[in-house]
Amino acid sequence: MKPRLDVEICGVSFKNPVIAASGTFGFGREYAEYVDLNMLGGIAVKGLTLLPKKGNPPPRIAETPSGILNSVGLQNPGIDYFIEHELPELLKYDTRIIVNINGNTIDEYCRMAEKLRDVPVHFLELNISCPNVKQGGVAFGTHPDVVYDITRSVKAHAKQPVLVKLTPNVTDIKEIAIAVEKAGGDGISLINTVLGMAIDAKKRRPVLANIVGGLSGPAIKPIALRMVWEVAQVVSIPIIGIGGITTGEDVVEFLLAGATAVGVGTANLISPTACIDIVNQLEEYMVQNGIGDVNELIGGLRV
Amino acid sequence: MKPRLDVEICGVSFKNPVIAASGTFGFGREYAEYVDLNMLGGIAVKGLTLLPKKGNPPPRIAETPSGILNSVGLQNPGIDYFIEHELPELLKYDTRIIVNINGNTIDEYCRMAEKLRDVPVHFLELNISCPNVKQGGVAFGTHPDVVYDITRSVKAHAKQPVLVKLTPNVTDIKEIAIAVEKAGGDGISLINTVLGMAIDAKKRRPVLANIVGGLSGPAIKPIALRMVWEVAQVVSIPIIGIGGITTGEDVVEFLLAGATAVGVGTANLISPTACIDIVNQLEEYMVQNGIGDVNELIGGLRV
Amino acid sequence: MITSHMYKMAFLSEGIALNANPGQFVHIKVPGDNSLLLRRPISIYDVHPQTGMVEIVYQVVGKGTRILSGMNAGQVIDVLGPLGKGFTISREIKSAFVVGGGCGIAPLKLLMRRLKEMGVVVTALLGFRSREAVYGLEEFEMLSDRVLVTTDDGSLGRKGLVTQVLEEELQQLLPDIMFACGPTPMLKVVQRLAKEYSVPCQMSLEERMGCGIGGCLVCSCAVRTPDGGFEYKRVCKDGPVFWSQEVMLDEATIGC
Amino acid sequence: MITSHMYKMAFLSEGIALNANPGQFVHIKVPGDNSLLLRRPISIYDVHPQTGMVEIVYQVVGKGTRILSGMNAGQVIDVLGPLGKGFTISREIKSAFVVGGGCGIAPLKLLMRRLKEMGVVVTALLGFRSREAVYGLEEFEMLSDRVLVTTDDGSLGRKGLVTQVLEEELQQLLPDIMFACGPTPMLKVVQRLAKEYSVPCQMSLEERMGCGIGGCLVCSCAVRTPDGGFEYKRVCKDGPVFWSQEVMLDEATIGC
């Protein structure tokens, strides 16, 4: 018998728990050539800002042991362009759409949430890893109070359920997650990239023009799993586990740790069919291990 | 011509900038069979506590992509045993000895520093990543105020120069490093391991008996490099760069980022000759790149 | 191994062999070592549609190309392609200069083949480090009307930079178009000459890549916008071939 | 491949072939894939001091052993060894039971060889999953006086657990010593029987390892201390062979 792969987040059902993570899957279009987007649990689109954004100078990517660093710098055409030109294309597919939004101020987040009120997308995802211009460039996501404020404010403007995507570059991820839940956030995505740096010993220069960048890929999986596990112990809103997932077994690990669904990022850069391959591997794991419903795995770690 | 490899930290000269990192080189003895310990820049001994410590139940190690997780739990025979039985053995070698000390309270750190006053070791290294029993298990190293207090207190008792070894599991490594410098710390070792977790999808259990553990190895090199770089911008005391070093080029990267010397940890677990191999590769790099003195590399990143 | 640093590899892929345009590339997964995540972009050197054979020529510069160079016949390799926007060859073209430096010469072979098929008069200007670095010369000679070789040390052809010879040739005769591929310093001179002599010019750029298919936005190069500013385009999808007047090479920091 | 899951590998290392004691292991770097950092500990199955040949027998359980099983003759492999404290064989021993289960049988071959050389009367009790999992039987028969085989499904020898046969044998005749290696549940029963029948017993343990040479303290197993408590010893250096009365198997959580 075919195992059940569907999960539910905030009343929205997903065909399967595999979501293409923001920034690694464009607006889906480029990948449609390689995979049937209808087979994805969901797609988190490239991070959007209120106005179009150029992004950082190249090089923007470096390879590190079992990981990559990126410093795209949120290059995107702006939320209006997205709604007008990219979304219609995406809406042709039967999958869940998560709109990743990024602001310099709380007000910018709220204005984007307003713009999306009457737009048929399923979730907002607040990326709060970006530097907070008002607070001197410190990332929003590093202070529980700021996280509380931003979540609460956006909730007041948003129609769709709001996921808050957390940065792992904090001392205590639990207090941040608790702030999201207290403020009425509907779910938590974690983790975003870990701040890192690569140096070219021969040229004696940083590899990235931006000097530092965000580390992702299998290298960070242990960090991501630990954070998902920690957060699952202290909140009851759903978690989307992200970080280094490249196989179906990786998905199982995140579900066991307490995630309801997962985001696949860097793996899309390695193979355009990664998300679908991972769904198939997950199904295979379930068949082999006699698991009829993927929900049995969620939080099922035996400790 | 043979390039110069010697560096100086707090007036103590090291033959070369490669130090075996604490916990990965025992008390040197086990490695003496494989390498000439006289060829090492220094040895940071296994973390010591005031009283002997059993450590955590097994399994204590997990393999992750380009990394490992460990949860040894500071198993050690106690500082008195070290001074009496292990140190004499180590003193037969001409290398710098760094004593890594770990306390449950500030007082314990101070008492260990006292015990070491008249013992011929070159440095104390305060490992402040361990849970602070008094403060409810939060690691000492995550609050600048606590870091300041502990550094200042130990400095008042210590005869040797004091290095403070920082945990990377913090929001802002710079403020922690600044606290060390302000409190009179003589140098900074960074980074210790990154908190992580591994799950066995087949058994549906954590791989480590302790559930979580410390991530080390090449996977964390980008994080370590970034932190060394960040800290080098804000303090002027010397930095020992640690995290994922397995080759001579890795050493160059850390020196360029601002480290005066480096610690090699996980690599010792992969090959008992790692430290010496790395020294040789460093020398080779210098010859190939026409660098006559390793000090030219320190902080030499072109940005 | 075709020179002391360059390797040629051939593999079977009907899809690539049938569909490749000159200037397109393949994106290769380095086999075996799972610590190396990213694919390596390598230009398509030549294709044999009848047999499905695809050829690439590459230089060993780091871990990935070193592993590739150690592969044995019969091994399976994971390749995406053909990717990117290659050279655009319009029917009006009668004469072309093809300018290549070092391993930037790789994508030019298939280009010359197509130009020849279309009856274009081709002058190939190829720069190498030295005689030992030269490869494929006989084939280039067959595929073009004239081949001018330079080497940095004068060990074959003219001593000096390929761009010096290019300037001399431009003083003699202006082609309808120029195609260039090579290290950034070379491309900069070609770009300047194209402007000075008002010859349209396409050049193939390199940048570090992630996905290779336009999804991740890491492979950017700065391209002039009508308002006098610039925007970042994707080398993998909008390129790797761009018109020389639109690209801003000061922003591109990687050479081959 | 010697059974559907077990592989045998031979490599040349004079140092190991000359110095190995039964129960010692080698620590093998998995070649090629740099994302796998740790060496894999594998028992020494047999050695041929004249030729410098070392043999190991292993089961494919994960990534590392899968890669090892795909290696070809002539490839170079990075091996540390011989490591650990093997079985202790005192001159007084006249008779021994050698008890092995599954891939825990590997270190017992060299042990039997040495026991035979010393004139010890050896009864080997070997448990397998089924007939397909059996290997090395002819050699074991040559190296011991009596071989008793059990399989879980009865497809070869007695049906049942090797420990059932062990108990029956102990009821007949008590050997001077027992040597055991196998999965933890088996070792637990052997430990209990050794105590009940007051037969000294050495058993080889497994634990996840880092350095393999005693430096990192990750490979711990709990060993009783005289004060009634316990301490953690290093499987790699203080073991892998321990006396059965000192080890606390409830603390050891990994079986082969």
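Miscellaneous remarks
The chains carry the letters A, B, C and D, assigned in the order they are written, with residues numbered from 1 in each.
Criterion: a contact is a pair of C-beta atoms (placed from the backbone, for glycine too) under 8 Å apart; a residue touches a chain by one contact, two chains touch by 3 or more.
Remember, predicted model here, so these are calculated numbers, not experimental data.
Using CA-based centroids throughout, the chain positioned farthest away from chain A is D.
Look at where the CA atoms of chain A average out and do the same for chain B: the two points lie 34 Å apart. Rounded to whole angstrom units, the spacing between the C-alpha centres of chain A and chain C is 36. Centroids built from CA atoms put chain D at 47 Å from chain A. Along chain C, residues 34-36 each make contact with two or more other chains. Among the residues of chain B, those in touch with two or more other chains are 62, 65-67, 217-218. Arrangement of the chains shown, judged by which pairs touch: all-to-all, with no pair of chains left without contact. Remark: chain B residues 23-26, 30-31, 33-34, 46, 54-55, 57-63, 65-68, 70, 72, 75, 209, 217-218, 266, 268-272 touch chain D in the complex. Residues 62, 64-67, 69, 142, 169-172, 194-199, 201-206, 211-212, 215, 217-223, 225-226, 229, 244, 249-250, 252-253, 256-257, 285, 289, 297, 300-303 of chain B are the ones touching chain A in the complex. Chain B contributes residues 65-66, 218 to its touches with chain C in the complex.
Those residues of chain C lying in contact with chain A across their complex are 29, 34-39, 78, 80, 207-211, 213-222, 231-232, 237, 251-254.
Residue ranges on chain C touching chain B, taken from their complex, read 34-35.
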